[in-house]
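After this come two complexes, each holding subunit A, first together with subunit B and then together with subunit C.
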Partner chain A sequence: MLKNYLKIAFKVFLRRKFYTFISLFGIALTLIVLVVAVSLWDHVFGPHPPETRPDRVLTVYFIRATGPAGNNTSGPAGYAFLDRYVRTLTSPERISVHGIFLPTVSYRNGAKIKSWVKNVDAEFWRIFQFSFLEGGPFTAEDDRNGNRVAVINETTRRRFFGGAGAVGQVIELDRQSYRVVGVVSDTPMLRLTTFADAWTPINSRKSQQFKREFENGMFFSTILAKSAADLPKIREEFAGMLTRVEFPDPKQFNRIEGQPKTLLEAASDELTGGYLRTVVMIAIVLFMCLPTINLININVSRIRERASEIGLRKAFGASSWTLVGQFVIENVLLTLIGGLLAFAGSQLILRMINASGWVPYAQLTLNPRIFLYGLALAVFFGLFSGVYPAWKMSRLHPVEALRGGEQ
Partner chain B sequence: MIKHLLKLVWNRKRGNLLVTLEIFVCFLVLFATVVMIGYYADNYRRPLGYEYEDVWSISTSISTVVDLDRDNGELMRKYAAAFHAALKNMPEIESVAVIRQAPYSFSWTGRTIEYNGKKLSTTSNEASDELAQVLSLKLVRGRWFSPADDGLAWDPAVINQKLAAELFGSEDPLGKDISEKGDAARTGSSTPARRGMRVVGVISDFRKDGELSAPETYLFSRTTPGRSKGLYFLIKIRPGTPRTFEETVLRRLHAINPSWDFEVDPLTRVMQTKLGYQIAPMAAAVIVVSFLMVMVALGLIGVVWQSVSRRTREIGLRRACGAPAGSIHLQVLGELLVICSVGLGLGTLLVIQLPLLDLVGFLTTEMYIYSLITSLALIYGLTLGCGIYPSRLATRIQPVDALRWE
Partner chain C sequence: MIRLENIDKVYRTDTVETVALSSINLTVQEGEFISVMGPSGSGKSTLLNVIGLLDVPTRGRLSLNGDWISSYRDRALARIRNQEIGFVFQTFQLISDLNVVDNVEIPLLYRKLPGSQRRKMALHALERVGLTSRAYHFPTQLSGGQQQRVAIARAIVGKPRILLADEPTGNLDSHMGDEIMDILHGLNRNDQTTVVMVTHDSRLAERTARTLRLFDGRQVN
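Now for the complex of A and B:
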């Protein structure tokens, strides 16, 4: 039965090449755009190494300090505040304090190399699971003693050393020499929490001035909860802690607002005031509207020309549901073919984006999860655009249908 | 005639509804794109206010500046002055200026100023006396900063035309005193409240973020090497100096302080990079939308074609009764136009709500109307274009084909 349907479907596709082409074009185009969008989203927010446990990790990104005169400042917190008040929270499993990434320029054999350096503590390596290509992370002792050691990423290794075997070599960053202890694979630049070209111990900074910064600084703090269920407890403890902060200069600032957030929450609050998901969903629905309507339109007009076939089948006793089933299967088959084309197309486009350097360090790939989303979308598409026209046609009166459809 | 067309369309309202809906959505998508392109094109044609040919920027790493600034302002002042003097003495360099935020850099500062009880938030920057020369700033009135400003009891300020118009209206801005609100504690530094400012000059504009950025109010205050928090040097080099001069500059600066980290970049290159980042997502959107339009166009051709071939009897009958090809054309295209107009009418009604509700403040009314007209014209063109081929097919229908049915 199914085999028969498929056979008919293929014959129909080939008979009306123009319509088949339009349908495939629309389906493939829509899916390509969606798949590329989903993989960009996944690139920024999905669970990828080193951020493999997004459900248990919260980060204090920006805080807002207010003074008695109503003056305020917001931005990354200062080291002193994070060290004294966030590191001492008791409910989390681990807590790391790490700097925002800052640019530095090095010269090697006359060539200019621009790298982003991030100062981190030793806990950073235990919260985030970097995949080390060689060597390993630096230790708490390295950080305490301010040892000039660095973990670099694959790109930096290639730029400075050409290839493997960087561990033990010396790299110059910010006009200081660092000994490379580990090499990790690249992390995308849009991952604000973990990205850097080189990670160095906080205490290896040239000046230790940053230790006095309180409400206004250049540090984030990342908290690893014991389990995802612990997150509310941690947020609560954090909020409680904020009320007990003793300010170094209460005349300047005497109140801090802020909370540990997931990257998605932080991005959502910063960009759209908390509605990122909603905004994205509305955009996607609007965007999908057009191809869906287009597909329904084509299907409606296409299916009419098969009125005589429908009439014949009805005359021989086929029920409306059987006919709907047949047309829906045909349509789903078409969308699946479109889906296949889309995957080939999006593979190509993702590769182009990777090669263009438009998204720095992007290694956008079509992972199985995205493939499944896309497939589900394709089937939904097929059902959605196929059911209405099929149902309309299946209710034709056989006599009229045999004559070639109503006018 | 039109009444008749409306009737024809109404009689097949169920089938036409979907096409109307499609045109409606298509219009919304196209309009959003046209507005976006129009907005940036409008910005692009505005004057930048400066020239950056042969200008290079020299910056120190942020960590160096921040550490030094908090550590020992004295040290920073000393070095900045030494760097400035060293650069000035190089024969390849025509002039050197200090600026807090160089063109195309990613940082931003704002201030709230007050004049005659009128408060205004404006983008601000600090620059030294030589900036007018380095960037060939276009002064409209008054003057740029000069060493003569050193001993004054007030701080000189140079504003752009937009700020002058918004703050002073038709008054002459030169010599007017402006004050600043709620600034003292913002940076967290312990600088005392600023002195009063007096406007000494008006520049045509200074669009720091480049060609695509929106016009904004701008205020320059004066700085001298080492006084400003940021540390950007802008150097104007003699035309024809090779890129390798970069290394000479670095050697010279590192001879003064080997532990500082500098980045030297021609502004033209910085500009290209930034423009690339800005244009890429737009280009992607435009490509996607044009494909969507092609898809809709193909779909429409299909639908019209199908409807023509289904109405063989009706059209054939008209032909048999002596209707010329022209009137068949008119009927097919006319019906399409009616359907299209209904969709576009709905779309226009919706789109007009946005400025009425004041949701698109960043667009000028003019731009909005232009975008609306362009989108309407494009959709009408698209729809008609899609109708032409099927309607020609319709004129070829032979009366015999139609009469066979009767």
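Now for the complex of A and C:
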């Protein structure tokens, strides 16, 4: 029976090529936009190197400090707070304190090179899974001693050293010379926690003023839990720690609020007050409504043309539900074809985005997970836009349906 | 075999009420070949639709093979149509996107048979109407008479006990019409298929066992 349905489905598609084209175009375009959006979402929040354990990693991105006079400040925390208090938590497996990536300008053979530099401690390399192309990370001793060593990414290696190996060579960053100890694959810029062009030890900074900054600063702290189940325990310990903080100047600030979050939680709170997933889901549903409604309309008029076929099948024993099934299968087939076109189109768009530099170091891909999301969307699309027209036409009285073919 | 008792069929709209059938009482024995005649609008096709369970009578009751089926639901009626009744229409009603053998297989799609068995039965039905050589042609490649023969093959492929033919020769010339009638008579004679045929042609009606005449929805003796 399925073979019969598929045969007739293809014949119907070819009979009205323009309508089929319109339907496929609408489906493909919608799915391309959704797949690219899902790919971007996955790019930012999904488990990719160097952030392969998002279920076990929390970061203190922002805190809010308030004072007795009602004054407040919010933003990244100071190094002193993170080093003195967050680093002392006992339930995590590892804790890192690292700086926000900052721009710096260097010169090489007279050419100006702009780079993003991030100061990190040795624990940073143990929490995240960077892929080293040469050498390795700097050590805790390097950081303690303030050694001027650096890990750079492969684009920085190419900009400074052409195609040559970089380990052992000297690179100028932030008007200081650093010896390269390791080269890693490029990290996408949207990976806000780990991105940089070059990573240097915290204590190698020219000025150590940052060590006195408490409530306001330019540092994050990342916590690796022993397991995903430990996250609530860590958050609880963190909240307890906040009640025991001794402030450098209680007259200015005497209270800190904040909590360690996943990147998704932080983005969600920042952008939508904690409802990012909900907002995105609603946006996807609304975005899909337009082509779905369009496809429903096209399907209703398509099926009306086949009224006599409906009457005939009913005359020979098809029940209403059997006919609904036939038309839904045809519609799902159409959306799967649109889905295949969408995947091809999405690959092209993603390659173009990667090549354009619009998102620096973008590595947008269609991996199996995204493929399955897209396929599920296509099938849902087909079912949703096919069921109503199919049900409506299967209710058609067989005599009227047959008469419709005779006219 | 087919029994209609006091059948009425009334079509109602917001403003108009049309009596298509009124007080129809009819018994058709198994293996009979009867014709139904009357002027346009006399209710012939409506009668056929009621017998074929495509339309529900407003009043009265209908029995097929001893079962009173007035209260049956859509799914049960669909099963009876599939198992017991075959239809032949004036305009053939072949699906142009499917080839001949796929058209003939349609009734068998709703019987949960394996594909090989469906194909075998469809080819056998085509053989009975003399169209095996056209099995993989499309309807548009056939003459009117050939298309009607395909429609008959489709109607009989499931070996129904009742064949309902609504003006089966209406769109054919007399020579092709005679061919079709020969096939219908052959089915009636060889398989004991009960045939109820609507026709305008008194010449064809004379070849049947008896003729039911309708006028304005009523039986006329």
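We take it that the second predicted complex is superposed on the first by the 403 of 407 C-alpha atoms of A that agree within 3 Å, B and C clash if a C-alpha of one lies under 4 Å from a C-alpha of the other, contacts with A are read in each partner's own complex, and residues count from 1 in each chain.
Basically, contacts are C-beta pairs under 8 Å (C-beta built on N, C-alpha and C of every residue); 3 or more make two chains touch, one makes a residue touch a chain.
This is a predicted model, so every value here is computed, not measured.
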Touched partner set for A:3, first subunit B, second subunit C, both or neither: second
Subunit B versus subunit C as contact partner of A:11, first or second or both or neither: second
Partner chain in contact with A:243 - subunit B first, subunit C second, else both or neither: neither
First (subunit B), second (subunit C), both or neither touched by A:318: second
Touching partner for A:227 - first (subunit B), second (subunit C), both, neither: neither
Greater subunit A contact set [subunit C / subunit B]: B
Partner chain(s) touched by A:398 [first = subunit B, second = subunit C, both, neither]: second
Subunit B versus subunit C as contact partner of A:33, first or second or both or neither: first
Where subunit A meets both subunit C and subunit B, residue numbers: 405
Partner subunit C, residues of subunit A touching it in the complex: 1, 3-4, 7-8, 11-12, 15, 308-309, 311-322, 397-399, 402, 405-406
Touch list for subunit B against partner subunit A, complex: 15, 18-19, 21-22, 25-26, 28-29, 61-64, 66-68, 70-71, 182, 184-188, 246-247, 250, 258-263, 276-277, 280, 288, 291-292, 294-296, 298-299, 302-303, 306-307, 309-311, 313-314
Subunit A residues within the subunit B interface of the complex: 18-19, 21-22, 25-26, 29, 33, 67, 69-73, 102-105, 107, 110, 112, 114, 117, 174-176, 205-207, 209-210, 212-213, 215-216, 218, 252-253, 286-287, 289-291, 293-298, 300-302, 304-305, 356, 358, 405, 407
Subunit A-touching residues of subunit C, taken from the complex the two chains share: 49, 52, 54-55, 74-75, 78-79, 81-83, 87, 89-91, 93, 95, 97-98, 102, 105-107, 109-111, 115, 154
